[in-house]
Amino acid sequence: MSMAEITSLAQAVDALVQDGDKVALEGFTHLIPFAAGHEIIRQAKRKLTLIRMTPDLIYDQLIGMGCAQKLIFSWGGNPGVGSLHRLREAVEKGWPSPLAIEEHSHAGMVNAYVAGASGLPFAMLKGYIGTDLPRYNSRIATVDCPFTGEKLAAVPALNPDVTVIHAQQADRAGNVMLWGIVGVQKEAVLAAKRAIVTVEEVVEHFEPHLNAVVLPSWTISAIAVVPGGSHPSYALGYSVRDNSFYTAWDNISRERESFLAWMEQHILMSKQPSLTNSI
Amino acid sequence: MSMAEITSLAQAVDALVQDGDKVALEGFTHLIPFAAGHEIIRQAKRKLTLIRMTPDLIYDQLIGMGCAQKLIFSWGGNPGVGSLHRLREAVEKGWPSPLAIEEHSHAGMVNAYVAGASGLPFAMLKGYIGTDLPRYNSRIATVDCPFTGEKLAAVPALNPDVTVIHAQQADRAGNVMLWGIVGVQKEAVLAAKRAIVTVEEVVEHFEPHLNAVVLPSWTISAIAVVPGGSHPSYALGYSVRDNSFYTAWDNISRERESFLAWMEQHILMSKQPSLTNSI
Amino acid sequence: MTQELTYTADEMMTVAASRLLGNNMFCFVGIGLPSAAANLARATHAPDCVLIYESGTIGTKPKRLPLSIGDDELAETAEVVVSLPEIFNYWLQAGRIDVGFLGAAQVDRFGNINSTVIGDYNHPQVRLPGAGGAPEIASCAKEVIIVLRQNSRTFVEKVDFITSVGHLTGGDSRQKLGISTKGPTTVITQLGILTPDPQTKELTLSSLHPGVSLEQAQAATGWKLQTAPELRQSEPPTSLELEALREIQSRSRYD
Amino acid sequence: MTQELTYTADEMMTVAASRLLGNNMFCFVGIGLPSAAANLARATHAPDCVLIYESGTIGTKPKRLPLSIGDDELAETAEVVVSLPEIFNYWLQAGRIDVGFLGAAQVDRFGNINSTVIGDYNHPQVRLPGAGGAPEIASCAKEVIIVLRQNSRTFVEKVDFITSVGHLTGGDSRQKLGISTKGPTTVITQLGILTPDPQTKELTLSSLHPGVSLEQAQAATGWKLQTAPELRQSEPPTSLELEALREIQSRSRYD
């Protein structure tokens, strides 16, 4: 294993994200890697299998801009606001291109990442009982306990080609630290072949935080310093959630034209995070 | 769930450890709950199934004093020194009473605790391949991946009646924090029906440490303040490992008479941790 | 003469839901209506109710209602924050949760929840957000309380898609799946409170909120609504409850 | 004229073992002889070798040799400390380890390791400590290096108990178990270095330490010892290596 390289976001995405890759952008409401997603859009990556527990605005944007051919997910919405119009239009009408979906529960996705990080071919859980999900997702199976006979749900491990996350800090050796709501990022990074991390800043030494996750340098391919890189979500200690943008997105994204115009103006023509909202 | 009670160690052991219980004392070299083990010896608990990845001196003492009828473990020795004479005599000669053993690898034990903490009936792992352990332990089975057909090892979940650990700190609300080498203590506590924690001290607020484990009050039955309660192992930030005691134990424990005399003098006649070795 | 309090149907719903949470209960809380009710309970009769959100925030005490499941306020006021594998495996799946408090897009006669799709799965009429944590909350929490606005589109004879299982097809069909938890014990709406019949497990009307008629409740239900043996009238919100609820909501404007 | 260095057979063994670790390698280290060799490598030619102990200490840089797998020095000098589930699942089982560096009580002709029992399992002649982390290190690390003192009791035709599998019964028997990692690639003793024959996988003598005869090596081996096609003589320890090793050991007295 080698250590993480500190580079530009554009270089990292160019070198590490290929057309057709399975790409996971993780961050559970907190620390969503928006800037990295925008760079994937700017570089017009295509035919991606997008993986994410909670596809929200950034996946709405990736899907609406035609980057994805498949979505593996467990909850797709604009949190506290409503539907994702671009995701819905892709699923319901195939615009801008058809989108295959593989749908799980949160517990299923979480355990699939854990299995991926653990080098196991599948995960098991007490899950999906009585639900219709297995009728439409052949990648939900069962396994019997060899001791009790109890039937458990089984899902295949998730092993993205690339996992992308945003974190608060890196140190000079290329270790990364995140804290607050840490989600499934550790597992998503460890399950991936390659990992890109955007960070708020590089520090000399990490100050400890309760419940911090430290990802050693060897688990990361590239680090890019992108302050505000999780906007409109937030980075605890650095920014607050821009709730008004989530609300505004409902209108921006409702029609194809308004969506495309917004993307053109704020993402395609920009090399920077489109908006910042620092504390 | 109710919150942890702060009580005396004698009361905690009296109320929460019953003859015949499955009892896990965990702590991987660091933070071994010696004082609690000594209290179990003083209260002459009997027919315990002792669970521990690395039975070392404290289990040598419990076994030599006749508390155990079964041992579930993955490595039994005096680290860096040699054999555990009391464990060996129990296994080889049935003294002071026969000791059944259920033997695993570390990876098997770790995952069995994880399964226990997760409410799963069993754990699976890439493990035990080509070893003779499954020939002598019927609780090592296999399970097939429903997607790839790969054969994986399976072990039943560990769910102790009581788990006992030592930690650096509790706060006034009964939350517990440990740091440094944190081992499998979180899982061992969460897998258990009841949990006893001895701590170095009670503090107003926890100062963060990298890699600290915080166990919320609701997961713990009783907390006892026992400074030096992990001696001759150590509590990072509070004490250092008393390596000379580990070396001395080899002679103390070699013969039944010297062992019993030492236990009589240092444990049975004492209500306090027999030795302290503070920084 | 006491003065009559004025309150909205939504306020009645939230207050009625909040009353079901006991002190010291471990409550796994969905965002939206359940979150409002749970925090109202914490502000009134159940200050030690332990709220857990699926973002991994345990024992959280937000001052304003979170817009998302992962608001900073949830992390900053939590007793402890754990990773997603821990919250789903070590807490929910392990059976530590007393009450799963869920919202829903649709609920059916047997308390099954749909939050996935209206119409056919492969050719949806309306694509909804999907499962999230709900399927395992529905099967692993010791009991489930559902809160949603009731009308003939949300209260249907049979959901188009079972996202989270309730009493399946009634009777002992839930247990036959191998589930030992109770499932939905109460459904609270802006019109009243429904509870499953002990035998058939069909949701029956057990309480009407003040000013709501049986006919109104029936009209908002997609199956022939039965009443429980004793049909009660819900206690209206107290001034204390209303004040606390409005206080919470006034702190929670996001625009 | 250079001065002849004096060194012990154990020092030669440790130095020879240390030379096998490359810089930047991820090395899962057993306590005792492997730990001494790994730290010597780090002090000499492989300063960026990443040492991992099963206590969860990753990238640790102890100044003195740990007496136990969990010494405070290991935690305090580690790049990161993780829990046991993480070290065994996310690091070892996930295939992140280049070299598993193991000691053994007994090793056999095909590199299988016994650290469980001498004699019958149920009526042991000598009860050894048992498996610890070794079985999964032996199967999950990309390759395994074994270091132990060689004599006719430790080098046996067939171990009484396979704790950690090597090349099983030779040939492709290891792969047939479904294992894709290489298994033992080198065994280092105080007498020389053994490597598996590419076809039969039998351990063969590929290097003798200076001053050791083939006869001595054979006498300390419980099977008819074959030599590799090219039998080399090990380079003696350099003064730098010896100095570094003695420096480490002088810092590591525990009485």
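A, B, C and D label the chains in the order they appear, each numbered from 1.
Just so it is clear, contacts are C-beta pairs under 8 Å (C-beta built on N, C-alpha and C of every residue); 3 or more make two chains touch, one makes a residue touch a chain.
Owing to the predicted nature of the structure, the values given are computational and were not obtained by experimental measurement.
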Between B-D and B-C, flag the pair that has more C-beta pairs in contact.
B-D
Note, CA centroid farthest from subunit D's centroid sits on chain C
Distance between the centres, which are taken as Cα means, of subunit D and subunit C, whole angstrom
58
Roughly how far is subunit A from subunit C, going centre to centre by Cα mean, in whole Å?
28
Quick check: how many Å separate the C-alpha centres of subunit B and subunit C?
41
For subunit B, residues contacting two or more additional chains:
119-120, 125-126, 150, 186-187, 210-211, 214
Can you pull out the residues of subunit C that are in contact with at least two other chains?
80, 89, 93, 140
Write out all the pairs of touching chains, ordered by chain label.
A-B, A-C, A-D, B-C, B-D
Would you mind writing out the residues of subunit D in touch with subunit A in their complex?
24, 26, 50, 58-59, 79-80, 89-90, 93-96, 140
Which residues, counting only subunit C, touch subunit A once they are in their complex?
31-32, 54-57, 66-72, 74-76, 80-85, 88-89, 92-93, 112, 116, 121-122, 124, 127-136, 138-140, 161-165, 168, 174, 177-179, 254-255
Which positions of subunit B touch subunit C when the two form their complex?
1-2, 117-120, 173, 175, 186-187, 190, 214, 216-218
Can you list the residues on subunit A that touch subunit C in the complex?
28-30, 53-54, 73-77, 79-81, 83-84, 87-88, 91-92, 103-107, 110-111, 113-114, 125-133, 135-136, 150-151, 180-184, 186-187, 210-211, 213, 234, 236, 240-241, 243-244, 246-247
Which residues, counting only subunit A, touch subunit B once they are in their complex?
119-122, 124-126, 139, 141-148, 150, 152, 154, 156, 206, 208-212, 214
